[in-house]
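Consider the two complexes below, in which chain A is the common component and chain B and chain C are the respective partners.
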Partner chain A sequence: MSIIIISSDSYGIGRDMAKSTAEAMGYDFLGREILGRVAVKYEIPEERLIKALEEYPSFFGKSLKLWNRHLAYIQEAVMSDLLKDNLVCQGLAAHLYVLGVSHALRVHILSDAEESVRQLVSQEGISTEKARKRFNREKKHRRRWSMEAFNLDETDPSQYDLVISLSKIDPDEAVKLIGETISYRRFKPMTYSIKCIHDIELAARVRATLLERFPDVRVHASSGVVVVRTTALKREKKKRANIIREVAGGIPGVEYVEVHVINDFFRQSAESFR
Partner chain B sequence: MAIITISRGSYSKGKEVAEKVAERLGYRCLSREVILEASDRYHIPEIKLIKAIHDAPSLLERLGRSRRSFIAYYQSALASAVREDNVVYHGLAGHLLLKGVPHVIKIRIIANLGERVKSEMKREGMGEKEARTLIIKDDEERRKWTQSLYGVDPWDSSLYDLIIHIYKFSVSDAVDFICQAAGMPQFKTTRENQQKIDDLALASQVKAALIEAFSDVAVLSEYGNVLIYTKSEDRLSQKQEEKARTLLKGIKGINNMEFHPGVPVSTNAV
Partner chain C sequence: MKEQMEVLLLDDEPIVGKRLKPALAKIGCNVEVFENPAAALDRIDQKDFDVVVTDIRMDEIDGIRVLEHVTEKSPRTKVIMITGYAMMALAREAMEKGAFDFIAKPFQPDDLRKVIAKAARALGIDIDFEIGPEAGG
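And then the complex of A and B:
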């Protein structure tokens, strides 16, 4: 009755490892297949959701608001599935938002850097030096993506319970190690850890509902009490708080909504110059 | 049957993990012993050696040669100490100083800053702010030290085979993981792996003998054939080569010696 969250510096290797672990443990695999469901629910092309997980907004590219919304929709769907337990989740950035849940084991798999460079050389026909540069660039890119999306550095080992490098440790041995680890008693769900995951799920659901109208909204939930933080002009504060209370209050599982509206300093300043 | 290096920050419980792993596997546990050996072998006061291998170098020290010499002495003492196998080493930079040896398992033990601060407060009887500042400073010193000497960040996960976070995991869990890894066939000491550690020990010893006279020296040993690299071409003229040969006279295990002034240094050289 536990959750294993696997992330990796290589999507393909992480996916293989997660699938093998799920098979060995008899767990369900939760991967990017759920994006199809999200795409249908929110009428967004699936490719855009995949892009949201791989790219961050740039000046000429994807809009920040849209990117945040896409990530929130993915997060909502992942959290709803993670309530079911006995899952191996991979490729959906869950290691960056399933925090403080004691029955979730977070594992980071590091690919063999030299092997990855060799593969790049043979696949792309580029020099070893260029391949190494590209590999390092990709690593920096992932770090920046995680910082922009969740303000957490996914290359920082303290984000995980266990980091396994495949440069010397065989993938089968790594699967065995993960399997043995998850059987530890401390990874069994407890009343408090179940409450934690329900709180994260509820917050994700409320945020996904509110984001379209209030793009800067931040949500925290605890036992059905939802705290929403947003910004607005002084004159709009009351109106906005009421709308949020009404919308969030209608979401199943929400018992009470507390809204904190902070003065939108930038809009206020811009308006005073008009 | 293996060499285990455990890298750790202060108060990360890495020492406790190392001692328990050594106890369970019946291995020797090394840390300060290496400093004592280096201090004894190269006649350097222990305190000087500790300062050189612990504190981050200042700008002047980076340009000077003494720190590099001390590191060479330390590496030589460490490589000799682990040659005999079945060792858990939890001192400084083992994962970097024992590079290129396949049966070395590189472990890093990390712990939450909050827990580390609590341990420091309890042990030293100081306030939270002071304890936090000290731990952050210590981490920063180690980071700078590794970066200045090896150009890598000790927090970079790719330097290790296994990183264990002591938070959800207990010390005993970490010991289980490490002992399990030590039993993996790739970490067994084969004849070939033993040759690699012997070569590393020899190369480190040669470097330690030469570093005072040739500050930019790098050494590689392959089956006792020692290749000596220096950056500048004119440094090892006939006279200099003679001087190097004299300095290396007492070192056992050298089958052949080659001097390569001005040649790009092999990546496996120490």
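And then the complex of A and C:
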């Protein structure tokens, strides 16, 4: 009746572990296969969604607004699936946005660094020193990605309920350990945790709907009451609030919309210089 | 035939008991309301309740202590925790210590009725309430 969210410093190892855990426990596996569904719904190439999960916007590259939208669309789809029970989720950054849900066990798998370096050496034909540098660079990259995307450091062990190092514990034992941990009563769904996950799902759905028109929108939901925060020029505030109220109010599950529009000082200042 | 559930409701805010007692009576619960945790513990020592509903944050004796007392004295009793200060760590602690369910305030009387009905089902008691699809526990 619970959810297991697995992340790892290696996507491939995390995926293998998540699939093995799902199989051992008879749970469903929720991985990047759902990106196909998101791609169809929002008419975005699937590769761009994968890129959004792996790269952050650079100064001259990917647009920040577009990146945020792609992540929001993924989040919306993942949250919808996470309302179901008995799932192992991996590779969709859910460990960074399923927060405060007590029946979600968040597991971080640390790959065997030396083994990963050896693999790089044999696959890429590079020196051990270069392979080690690349491995460390990738780790730093993941940290920065998680900070940019969700303002959380995914390499910080305190973010997780369970951290397993594959250099110390072999994968079969790790799967057993995850299975034992999820059986603790503390990870059992309860009225409160079910409410939490429904609130996160509703907020994700509302945000995904509003983002195209209002890229800076922030959404919080609780029991059908949705609080939306955004910025606008003083003269646009009322109009913007009304549009948000109308659009969000039409989303299934939304019972009341509260909108807070604060002055967009940057645009206001830019306009005053014209 | 529908049966009656014996319920003890403990919350130091009088409005909670006042509001929930009639709501639970509607589904066949005989509710004893307490605002004082010490008095509630004394009553728990005297009588076996089917369900204890307790607030968590109270002066002197908190809800976790009440939970521990009930599980020690009457393991079959289902304890439902309610709190206005819900947090993941507290929810997990309560569940680990044997709570049947954990509900964040504010909630609708129907939310508690659903959980009480689930407790009744777990105890094999037939009460006058249909559980909807989203009840936790």
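FYI, the second predicted complex is superposed on the first by the 274 of 274 C-alpha atoms of A that agree within 3 Å, B and C clash if a C-alpha of one lies under 4 Å from a C-alpha of the other, contacts with A are read in each partner's own complex, and residues count from 1 in each chain.
We adopt the following convention: a residue touches a chain if its C-beta (ideal position, glycine included) is under 8 Å from a C-beta of that chain, and two chains touch if they have at least 3 such contacts.
Keep in mind the model is a prediction, meaning the values are calculated, not measured.
On chain A, do chain B and chain C fit together or clash when superposed?
fit
Let me test your reading of the model: by the given contact rule, A:58 touches which partner, first (chain B), second (chain C), both or neither?
A:58: touches no partner chain.
Have a look at where A:169 lands relative to chain B and chain C in the superposition and call it first, second, both or neither.
A:169 sits against chain B, while chain C stays out of touch.
In the superposed arrangement, which partner chain does A:102 touch: chain B (first), chain C (second), both, or neither?
A:102: touches chain B and chain C.
In the overlay, answer first, second, both or neither for which of chain B and chain C A:188 touches.
After superposition on chain A, A:188 lies in contact with chain C alone.
With both structures fitted on chain A, tell me whether chain B or chain C touches more of chain A's residues.
On the superposition, B touches more of the residues of chain A.
Between chain B (first) and chain C (second), which does A:269 come into contact with in this model arrangement: first, second, both, or neither?
neither
For A:156, is the partner it touches chain B (first), chain C (second), both, or none of the two (neither)?
So A:156 only meets chain B here.
Give, as a whole number of angstrom, the minimum Cα separation of chain B and chain C in the superposed three-chain arrangement.
5
Where on chain A do the contacts from chain B and from chain C line up?
Looking at chain A, the two contact sets intersect at 102, 184, 186-187.
Quick one: which bits of chain B touch chain A in the complex? Just the residue numbers, please.
102, 105, 108, 110, 112, 155-158, 160-165, 167-169, 173, 177, 180-181, 184, 186-187
Chain C touches which residues of chain A in the complex?
Against chain C, the touching part of chain A is residues 100-102, 184-196, 198.
Can you name the residues of chain A that touch chain B in the complex?
Where chain A meets chain B, its residues are 102, 105, 108, 110, 113, 155-158, 160-165, 167-170, 173, 177, 180-181, 184, 186-187.
If you look only at chain C, which of its residues touch chain A in the complex?
Checking each residue of chain C against chain A gives 86-88, 91-93, 95-96, 98-99, 101-104, 107, 111, 114-115, 134-137.
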